[in-house]
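Attaching a single structure in structure tokens format; questions to follow.
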Amino acid sequence: MTYAKRMLESHPRAAAVQVGPLIECIEACLDCTQSCTACADACLGEVELAPLVRCIRTCLDCGDICATTERVLSRQTEFDADVARAVLEACVQACRTCGAECERHAGHHEHCRVCAEACLRCERACTGALSALAASPAD
Amino acid sequence: MTYAKRMLESHPRAAAVQVGPLIECIEACLDCTQSCTACADACLGEVELAPLVRCIRTCLDCGDICATTERVLSRQTEFDADVARAVLEACVQACRTCGAECERHAGHHEHCRVCAEACLRCERACTGALSALAASPAD
Amino acid sequence: MTYAKRMLESHPRAAAVQVGPLIECIEACLDCTQSCTACADACLGEVELAPLVRCIRTCLDCGDICATTERVLSRQTEFDADVARAVLEACVQACRTCGAECERHAGHHEHCRVCAEACLRCERACTGALSALAASPAD
Amino acid sequence: MTYAKRMLESHPRAAAVQVGPLIECIEACLDCTQSCTACADACLGEVELAPLVRCIRTCLDCGDICATTERVLSRQTEFDADVARAVLEACVQACRTCGAECERHAGHHEHCRVCAEACLRCERACTGALSALAASPAD
């Protein structure tokens, strides 16, 4: 069992949204923030830098946005659905933009291929959390 | 002249949006992330904690979201308007929620009054950056 | 295979330190930053807040320091051993302080027990990375 | 009066270290994290990228470490001198490494010159905060 799951299950208050999609989203954000930080750095280590400038940039943004989304979602005390929704929507957008850019380089660079996969998984997990949020009783 | 202004003016590429609202937004986000971190901590140092639980929570979220927004806006190379817009909208929402909560305690705690002011200024600066973004030529 | 491992193995440059301890450290930092964010929030959701004030504070610091350590270690291009060592030492100290505080509440709160475990694992993984760093050829 | 000063002066508990050096350090960290984020991005926007790879890398590390140092120092409730000292020492090291690298490019790129200045100021402010910490009564 992951730490994210153990932490959520020992929280004194009931989660504001369905636990399954919430944990999936937190874990996908953790993986994606790490992959994006590492992919920006791996791109920076390549010999041919110019074609990777946009990839480095989108990875830096996506890494920051995923880290913040993970934190907002990890907080269940006095959960605010409006803030959670807005940050999840920003994360969906960042993952979509970054995943599409990484995908363009996936044939040349394995790190871009792995990062594109992490972005796609995170985009889907954030979309899943948004659905769970919409289905939850009014906050 | 602030560092944010000097850094933006020495950037090799032209800014994707009007420089004035951009700098104002970056600086307001920097002040707001610091105020929110400090307000969450000051609330935690008060004797009567229970009424401040929601304030601590919203300050932690807002501090994280402002820090990320500042970073995304500080990057002008291969600027992506969709990602910038989404993160600015999340920041407007976080500042609105946190500012309203801090305002509720402004009569009792000076740190909440100052933080509410930082949130309101940041909300307006992000709204200003969103307008500048809408006015800029297609990305 | 974790994303951290896949990203490191597809990096264009050889890792500056032994890959095993490096991956362990990155993954322990990711888990610990999440556990600390979640434990600060879970403490905030408890009815009896006063005895948990120091725990919330140390969790917030440790969560921030682990997140930064994970990022610095995830970057292998132009790795700087002095910066890596200093941030790892700060992380060891943060995990020790936070883990000891969480341990004090482990009997009462399961989230503190899990977080203490994450801190201890992260402290050890950072110590392991420091040893690997000391054993690596001069940078 | 800056927000950092207003927040610190309205804190319910007395600051654990002398207020002057503390505020200077928080503000220098805020400026330096922004300058480093912006300098990494400005470097990425230059035509000749290869000579700037190490500068981008050190700016990314320094930006993360300054942001975390600012947060740890902004928290005065249940201040822990050991954690503060360790993170300040990491910040001194990061600013020294990054400032020296930026200085090497100061003749060619104004953004590197400004960032080198922000790093030097932050290194000194962190050293000042370490002295204030050493002078304060045992925690």
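Think of it as A, B, C and D in the order they're written, each chain with its own count starting at 1.
Simple rule for what comes next: a contact is a pair of C-beta atoms (placed from the backbone, for glycine too) under 8 Å apart; a residue touches a chain by one contact, two chains touch by 3 or more.
What you see is a predicted model, and the numbers here were worked out from it, not measured in a lab.
Q: Considering C-D alongside A-D, which chain pair is linked by more C-beta pairs in contact?
A: Looking at A-D and C-D side by side, C-D shows more C-beta contacts.
Q: Return the chain whose centre of C-alpha atoms lies at maximal distance from the corresponding centre of subunit A.
A: D
Q: What is the distance in Å between the mean C-alpha positions of subunit C and subunit D?
A: The separation of the two C-alpha centroids amounts to 21 Å.
Q: Nearest whole angstrom, what separates the Cα centre of subunit A from the Cα centre of subunit D?
A: Each chain reduced to its C-alpha mean, subunit A and subunit D end up 27 Å apart.
Q: Please output the residue numbers of subunit B that touch at least 2 other chains, ranges allowed.
A: Answer for subunit B, listing residues that touch two or more other chains: 41, 44-45, 53, 57, 60, 67, 71, 75, 77.
Q: State the interface residues of subunit D toward subunit B in the complex, per the touch definition above.
A: 2-4, 6-8, 10-13, 26, 30-31, 34-35, 37-39, 41-42, 44-47, 63, 67, 70-71, 74-77, 109-111, 113-115, 118
Q: What part of subunit C is in contact with subunit B in the complex they form?
A: Contacts found on subunit C: 40-41, 44-45, 49-50, 53, 56-57, 60.
Q: Inside the complex, what are the residues of subunit B that reach subunit A?
A: Checking each residue of subunit B against subunit A gives 53-54, 57-58, 60-61, 64-65, 67-68, 71-72, 75, 77-78, 80, 82-83, 85-87, 89-90, 92-94, 97.
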